[in-house]
């Protein structure tokens, strides 16, 4: 890996934060582990890897051990000096504009987050405080635009999908774009890129200037899922919970494309919120879709929702197979209802204040064997609480599959033991097995999948 | 074909000509064959067929026999009322913006052409008069922009190519777009679309707003090669000769992708001009390129140039196989030389006044059997005149293959007889046979190709 | 006058026509009297004198005998090279942007007019042909904007008025600007400047970007009434009749401020049109206004209208004294009616096609002693025809006062003899005497006024 | 005063802060003295009084006792509901756009200041902390623009000056504007308005879109010096010291026009900074100017600087009498040197980080009799410290003249006693007497001026 081509360059800001105080510059220059600099360096490296989607996080960081990024305050504003940066971020020696833009978006968010924490402005003890924090971060990134009609469609799904599924996401994005809708994703490859690409072409056809391709990420994932270069608004939230909250408060509707355990976790996160009694009347268009070849996946997931969370949960989530235009029409219709609802309730178009997000969804879940074994996967609880428990189960499986710490725990203690009511355990077992059979439980190596869990009933 | 879906709609202008005098409106309302209305109706129908690239001209016109388009002068400007229009031009009942724009571009060009002819402004008897006419038409369409550095790359090639070749044109377009270059094509499908699509994505990545995707067409071809929806500047020139002159005066460099006899005709047109002694010092980057699979095609074409027109002609034309980035770098370099040359000679960046175009290239060639038999395909003439003769040979073959009148002539009199020096006839015969073998001599039906010519030596 | 400061400079286009054909450049370089060049030189000199409002045309032209202006076609478009140009058009060696813009507007209009005439496009024999000509000229100057709500207020009045009257026009312009209205004038000093200045400040307060300050002039007057630098759209019409027609077809309402015989001529021109039976229902807000000190002037003019053309004519013309806000409110209200009317009749917002302008208003009146003596100033004719006759009387008086040829005629043959019905002659005599008493019959010298007319009854 | 015309209205944001969190809205709704609401209400009332420049602060607040302003969070963003607001802020029922914009600028600054204080972010104990605070406030107001060449000219002087002086400031502003320079003032009437008005017209002539008219104010003065409506960027700093620091860090040069004791205070503030040894090499163009009639004022002030602070201080400050073009040329030249200096030192164009401002200039001076008597007005100290002492003397006189608390102190204890070296006391006495003689020591009433000080030597 030492032979990666690198380059040196100096770049000036484009788009975002262009002025820094001397103190902010000073802070960013203090290197050392745990420093703001270390965080920024890591995010910057991921951004510079835009487009090279085969890498996982660790690999990227290790591939450019000499990479350095320095901040200078000059007459016309700040400059970034890059040493030993990935050469692919440049065309004939000049950095691609979108990469340059994202670099400064990253800088902006890291400076802001740092300054908020330093000043103890955030009240992490209250649900309201956390929501406020997400709001301020998004406002500082100029993501919240007053006066604009709701039109942001969040697309969730796998970053590593089949070629047919990828093409399908492009066509859906194209149909959304033809109807003037904007796209928001987790900003990596796969489902995070296809809809943006399709929408770009459609926006060009519709002569829409200023179409938005919003990417929401977090430092822990950005290296593994480097922002694709279509993203024209990048926001780095501090962790996964803030990122998920940002998705549901900023998006006006959500489309679920094929994915794996991570996608299931996201779906359960969203259903857990929508099924909360306080949110019963809040409209939120949610569509599951894929090409014909993804029919088994979509049907199994939908059936699983029905078996575990019931008919109401299923109704919250429309399934449309192989009909991109219909997906777009349904989404446009659903967003009209959102618009109407917000107008009546005087809720902001740009931030979904009315949506109740329980503190249990705002706090991280630590996937120890003890916590996994202790999950309450029974029917004797409100359905939205069961959704929260299921979401944690999937969160643990994701960790056991791909996250450094999770893998180590599995190595030490063997697979997680997941127990509960048979009416829940059986569908869960079947769903997970289907994921395995469809090769959606991906391992970095590509070898045969050895489950990190045991479903007991 | 009677079952095509149609729709009625009223649209207001976007982009172009928004005000008409009462007299202009009146003229456009006078129907009848040979009328301005008939011409506009035909172009409008082609534009509304944007994207449905499988049709030939006649089919389209026949598929919508009830189509009508009316012009109204209202308070806020003109409106077009469409009856029985192709439904595919609309998304949920609203016309796609690019189509709307092109409709009014067409109107603009037809009104202008008509008014020029009516006022006998054009001096068709002099080469200078014809060039002036092309200039005025392009200026009226706001195609000529002063103060902009040269960056328009013309892409020529077939409208019906292999999927691999199509992908390759997209990648080349992407590399051109990353370097800030704009695209100009004949505005149909295939090679006319791919580079524009690639450049659209690249321009988005480079945050280039106002990237130009210029389509030059003419009423005789627009129905067969409906403008693709990426085109954001459409100009309808009155005939094929004006269109070819527009390409070489507006473009700053030309790329030849795989195609058939039509592409060979274009290449010979351009070489005939570049080989004129007056143009010896005029820089004009010209690149032939294609994916690996197109190597035979490219090599045969290049060899043919060498055998017939000699080494100088070959040197005017660089061949690059399967290296999109290199194509873009070479083109960018060549355009820099063009810029330098124009600055030194005080020639306009936006119109190549200095290029000498012989009247023989400005006047149409009528492909009768007599004219074809009378072509002077010998070495006893200046090389640029031989190029002109060869271009006519290909022009005749194209007509005999696909144009209504040419086909009729062949049916009556049998294949064209083409004679000349053996040193020219043999390479010509080989090239044409190669086109046949590679299925580049396409017939509307798709049946086995029966040549419309006989090469005698 | 030989000591005027001059400067040399090269300027590139701003705003208008940026591309010329080689032939157009060639034409503009052919000097000689009667040439296009001579016309352009004269207009250019006037434009470069912007702001120096004390000069009459002859003086300006004589003050810069060595002034020359050359046109070059360069790589980035055309350039103008100025030799011995008035130094006041420059700030620290750089030409003021508005002057630069107007220079190229002038070039644009002169090139266009020339090309129209050369091609015999205009049909000067029909009223419709002349109107079409005015339309095309304005369209070529991009003055006609589709889709914009009516908001152009024409301000007429003297170019040499009292300081109090000038201030008043500024305040009226300010009130118009606060209501989002744009200003159109004859583009010189006095009433032609004040409203634009006031509106500029008001548009700044209302954050209106793109407020329009439209100046319509003609080669015969531009030198005497050099465009003021607020004008941001300058159009040079070929003669006074085309200019007047442009005013009434482009403006949505007209305000008459204090002036002299010229202003009376304009008022009678407009009333002659509005009183035509075909125009009876066409709404056209027309307001006469001035500060308190102008009361006698306004009342006399209004009374004269009543005595000669009757009550209907008076009702077409509202008098508001010393109440700028009320003037603006009335105008805004009137323009709303215009909007409503055009919408109902499908007439263009940007060009008043429905207004009937009799050919007698489109053709110039030659003020010979014979023609003046032959005017039919009697009641035995339709009132709009009487208005046309009266307008000619004032036109002759203006000529006898200030135009070169008129003055010479008076010197040779003595004052004009104007005869007619006593009921018309007496009010006419009184009005003219009032103009004399109020020093509104200005002579270049400033000496006591000797009338160029004798009113007989 | 009860008869002032008022109106009710609801307005939506223009330009600034358009999104607020629910908590921010909540805070702004909590009324009560000392509340954020009370502060915002007071600033809003001043802004709504834009243009009515005869009022002092107290009068305005008392004239609209029923005025209320409520904040609502609606679907498209926040709305302000105004009850019993001054009718002059509206044209035909609609609020003037600039007023609307300033209202939301005020809201933005007050929300920001409040949030900074609440979070104890600001370190008021260090000079660096205070400077950082000013920087953050200006950045939040989007006043700091990276990449823009230095061009901001600060204009200081009286808000109540003679008509001739006011005209002069307009002409100077016009000359500055012709050279592309922007204007920054204290945003009230008089010298704070004239240059902006002149520059607006000049920017229109130069077709400069986006000319900046920056007004810096503070809650204590905004009511007395309501922002004039030309201001298109309003920033409300929390107090006078932050405001002065903002002027010298954001401005690239300063012009002093005629004024009174307040203007002298500002001049001494600036000289005190420029004379600091650390700033010796920092270029900072400083020009005193006025019309011919202001010659005595300018000469006395300049002489006073010479007598007290010496020749070096005089050299820092160029005097130009009655030559607006020369003022603009000098300023443009000086700013070029500033640009050069910042480039060499890598200091930001948008914020003068390199200028050393001693903490004594950042902390408020309380003008008690004791403090005034204790001023060290002797030669036995560095000249920049003497400037600081003199600045305090003038600060006290301003307070004794016009500020509520100062006037009360004078009523209780009689005039301030100011002592010091005779070489300083005599020039000071003469200068103050000249101010009195020239009616520059204005009292709200307009009665004869009774000095609030006694200069002893």
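Letters A, B, C and D mark the chains as written, and numbering starts fresh at 1 in each.
Definition applied: contacts are C-beta pairs under 8 Å (C-beta built on N, C-alpha and C of every residue); 3 or more make two chains touch, one makes a residue touch a chain.
Remember, predicted model here, so these are calculated numbers, not experimental data.
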item: Shared chain contacts [subunit A and subunit B, defined touch]; value: none
item: Least hop count linking subunit A to subunit C through chains in contact; value: 2
item: Numbering shared by both copies at the subunit D-subunit C contact, with half separating same from different; value: same
item: Distance between the centres, which are taken as Cα means, of subunit C and subunit B, whole angstrom; value: 48
item: Centre-of-Cα separation between subunit D and subunit C, whole angstrom; value: 45
item: Whole-Å gap between the CA centroids of subunit B and subunit D; value: 64
item: Graph class of chain-chain contacts, one of line, ring, star, complete, other; value: ring
item: Chains touching one another, given as label pairs in label order; value: A-B, A-D, B-C, C-D
item: Residues of subunit A touching subunit D in the complex; value: 12-13, 18-19, 21-23, 72-78, 115, 119-121, 128, 132, 135-136, 139, 144-148, 339, 342-343, 346-351, 353
item: Subunit B residues touching subunit A - in the complex, by the definition given at the top; value: 14-15, 91-92, 96-98, 101, 178-179, 197, 200-201, 204-209, 229-230, 232, 329, 332
